[in-house]
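Heads up, the next two complexes both have chain A, just with different partners, chain B and then chain C.
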Partner chain A sequence: MTGKIKNWLEIRIGLDELVRTQLTEYRVPRGINIFYTLGIVALAAFISQVVTGFFLLIYYIPDTEHAFGSVQDIMSKVPFGWLFRLMHAVGSNLMVAVVIFHMLSVFFMGSYKKPREMTWISGAFMLLMTLAFCLSGYLLPWSQLSYWATTIVTSIPTAFPYAGEFVTRMMRGGETVSGITLNRFFALHVTLLPLLLILFIGIHLFLVRRIGISAPPFGKAAEKKKTWIAFAHEDHPDGHAFYPYFVQKEMYVLMAYFALMFFIISFLPTLFFPEDANTPADQFKTPAHIKPEWYFLAAYQMLKLIPNKLLGVSIQMALMVVFVLWPFFDTKEEENILQRPPLLAVFLLSLITWVGLTIWGKYS
Partner chain B sequence: MYPLVRFLEPPGSGAQGGKITVKRAEIPVGAFKDIVVNNTPAIIINVPDKGFIALSKVCTHLGCLVEYDKPGKRLLCPCHAGVYSLTGNVLSGPPPKPLQKYLVKVEGEDIVIG
Partner chain C sequence: MVFIWAPLLSLAQEGGATRSTACLDCHDSDMMEPAFRDIPAHWRKSWHFQNSISCHDCHGGDPTDAAMAMSPERGFAGKPQYSEVPEFCGKCHIGILKNYLESRHGKALKASRSGPHCVTCHGSHRIQKADINIIDEKRCSQCHTYERAKMMKQALFATEKKIKDVRDSLRELRAAGVFIEEEEKTIFNTEAEFRTLFHSVDVSLIKDRSDGFVKKLEQIEAREKGVFRELEFRKNFSAFLTLVFLGLGAVIFLLSKPPE
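Right after this comes the complex of A and B.
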């Protein structure tokens, strides 16, 4: 039976050639490490979010009167509803972590440099989209945490004179966060953002396959680096086979990812659910000591420390632009960060500052 | 682009200029009462030596609601640690401007706000 199906496909799409050219004879650089697998883990995390999100949609009601109750019902009444909701909520946090690690490893290995500027930019946009996913999804349970986190974030544009108030009103659909905001964020979360992210994943994967996988800038592979004056696919004829060598590596890391997810769901189910996440939204009471999710803590602490709202928001916007366009700021050919102490210092300093602000934000 | 912007633009906001009335006896000196003015959470405080002061509770930094800290005689924002005086002026933290003030009139036993 399997043979018949294989033969049927062989005649129609040339299956053998496809497997040979795209998997067994496709070579990845020698010295490739597990950090190279983070892209596929991020993709798997997104697919997991789509599947669990679909199941949640079956019971979730996007209405201020019913949203909180429907989420509580998913957790307590729907058989295994808790599993899909926790997979979705824990998965969103893990997906952000994976995308951040992916970007950090790409940065550390200098893989954003010519000719891969567009690959970096599409990746940076995908990180921002992942954060937009988190933010829009955050409001949907209509809890105290949802309501006030959204109030804060949608107030950020008001830092800018003239257009700021207008942008905030457009995002909220009124003066305050309300049912209209819930509907807007719901539409964004389940239609526009998934379509945009799928589009960017397509662009990103196209660029990775078209340009070729970048060899690590350390060790023997680094000695063969070429100067890019015309387009050329980066081949690695002496590299490892994509299948089974690299696919096996990817499977190990994927298993570790889902093992971590189920460990959190089983043993730390409330890790991402503070008390305010289980209290229905009250538009007349801001909870004391409200804190954003861990990935926004650094930005939160920065806004707290900078006494001028416009300056605080402007600095964050400027940092975001620098991050997205980083390949155009660092145009030196040397990819090995260890050979460039000033760049290594910038990398470590930025990382330490981000981690420091995150911890400070958590305990301030 | 124009039709899209018009489509997303919220319809006219609720009626402005509404007034609310509170009984004077409900707020002795040093006490406060949470109220809603024009759909906005607000607070009226009977400040010693200054009388009744009505302020919007919406922090001018990023929109959280301030709380009355009676012992500290100030208003605190729980989100980014903005601190306001009982007259709504910024004492410390990131808020860019004072809290919005509402007109307060004492009419016999009633306090009219807005």
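Right after this comes the complex of A and C.
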């Protein structure tokens, strides 16, 4: 039976050649390490969010009167609704962590350099879209945390004169966060952002495959680096077969990712749910302590340290521009960061600062 | 969109507490006579304060306008007469007022203008959440022997303990991330009804009605137990999935082919 199906596909799409060129004879560089699997883990995390999000969409009601109640019904009445909701909530945090680790490893390996600038830029935009997913999704449960977090986020543009108020009103659909805001964020979260992200994933994967996987800049693989003056797919004829070597590596890292997700759901189910996340939104009662999620804590703490709001927001926007366009700031050919102490120092200092601000933000 | 949290510093306020009022501005001032200056400090330690009930909610007046804060035109009632304290508190605590006026305490107050009233047991500004320990020998033997009050306390004891146990479980469920607003409303109403009944100071009535309260509390307890069992199932199921994925990962790792 399997043979018949394979033969049917072979006649129509050349299955054997496809498997040979894309899997068994496609070579990945020697010395490829576990960090190279983070891309597929990020993709799997996104697919998990889409699947669990679809099931939530069946029962969720995007209306201020019913949103909170519908989420509570998912948690308590829908069979295994709690599992999909927790997978979605925990998964969103894990996805951000995986994407951040992926970008850190790409940066460390120098894989953003020529000819991979577009791959970096598309990845940077995908990180920003992931954060936009988190922000838009945050409002949907319509809890105290959702409402007040969104009130604060949407007030940020007011730091800028003239256009700021207009942008804030556009985001909210009015003067304050309301049902109109909920509908806008819902539309953003379930249609525009997924479509945009899928488009960028397509661009990113196309670029990775078209240009080829970059070899680690350390060890023997680095000796064969060449100067890019014309397009050429980066081959690794002495490398390892993508299938089964790299695929099996990807598989057990994926299993570890899901094991971690279910571990958190089992033993730390309230890790990402402070009490305000479980209280219906009340526009007349501001919670005493609002803190952002962990991935925004560094920015939050940084803003607390800079006295002028416009200056603080402008600095962070400038940092974001540098982050997205980094390949054009660092144009040196050397990919091995260990051979470039100043860049290594900047990398480590930035990382330590980010971690330090995050911890400070958590406990301040 | 990552730079979002500075404005919260201006938006955030103390949870549950009210903003400063004209009443507090005067009573907190060094110019106020000492007896009245202590009132805000007492109030800030009270159950009323934790539930955002401020001066004007009881005494009337306009808390936003110092000139009209004590104006009868704005409903300022001042300090009630001794015999009118129950009606003063009963503006909000309606059921309790009814039970109290029908009780021996209420009849004694109306007859002699010197019986016990709300402030005798609960205080005036440093009011605490009612519990069974308000009934004590020192407080209750001012007019009669402690025996009757002791019998009252014993009649209340079992129900009081059950209320505490149910509240502790609800606290645990809330910490576990379960939304319990319905159960909290039910326990609040049951507790309020129970406390209202006490003010009749009728031991036989309390004994008769206690079964009803205990049944309601047991219903809440049964629901709580169901939720705890469900949480336990969820934990075990997720732990099982964790092991499944760990196992799959281990199997893939062990069966994986080495590179050429």
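Observations on the structure shown:
We adopt the following convention: the second predicted complex is superposed on the first by the 364 of 364 C-alpha atoms of A that agree within 3 Å, B and C clash if a C-alpha of one lies under 4 Å from a C-alpha of the other, contacts with A are read in each partner's own complex, and residues count from 1 in each chain.
Heads up, the rule we're going with is that a residue touches a chain if its C-beta (ideal position, glycine included) is under 8 Å from a C-beta of that chain, and two chains touch if they have at least 3 such contacts.
Given the structure is predicted, the values throughout are model-derived calculations rather than measurements.
Overlaying the two complexes via chain A brings chain B and chain C into a clash.
Of the two partner chains, chain B and chain C are each touched by A:Trp148. Of the two partner chains placed by superposition, only chain C is touched by A:Leu135; chain B is not. Once the two complexes are laid over each other on the shared chain, residue contacts for A:Glu175 go to chain B alone; chain C is not touched.
Judged by the touch definition given at the top, the superposed model places A:Phe284 against chain B, while chain C stays out of reach. Contacts of A:Gln316 after superposition: chain C is touched, whereas chain B is not reached. With both complexes superposed, C is the one of chain B and chain C in contact with more chain A residues. Clashing C-alpha atoms with chain B appear in just one stretch of chain C from the list 40-48, 58-66 or 112-120: 58-66. Within chain A, the residues touching chain B in one complex and chain C in the other are 148, 151-152, 155-156, 285-290, 300, 303-304, 309, 312. Those residues of chain A that touch chain C in the complex are listed here as 30, 72, 75-76, 82-83, 86, 128, 131-132, 135, 148, 151-153, 155-156, 240-241, 244-245, 248-249, 251-252, 255-256, 258-259, 262-263, 265-267, 269-270, 273, 275, 277-278, 280, 285-292, 296, 299-300, 302-304, 309, 312-313, 316-317, 320. Partner chain B is touched in their complex by these residues of chain A: 148, 151-152, 154-156, 158-159, 169-170, 172-176, 180, 283-290, 300, 303-304, 306-310, 312. Against chain A, the residues of chain C that register as touching in their complex are 1-9, 11-15, 174-179, 181, 234-239, 241-242, 245-246, 248-250, 252-253, 255-257, 259-260. Within the complex formed with chain A, the residues of chain B that make contact are 5, 8-10, 13-14, 34, 36, 39-41, 61-65, 67, 77-81, 93-96.
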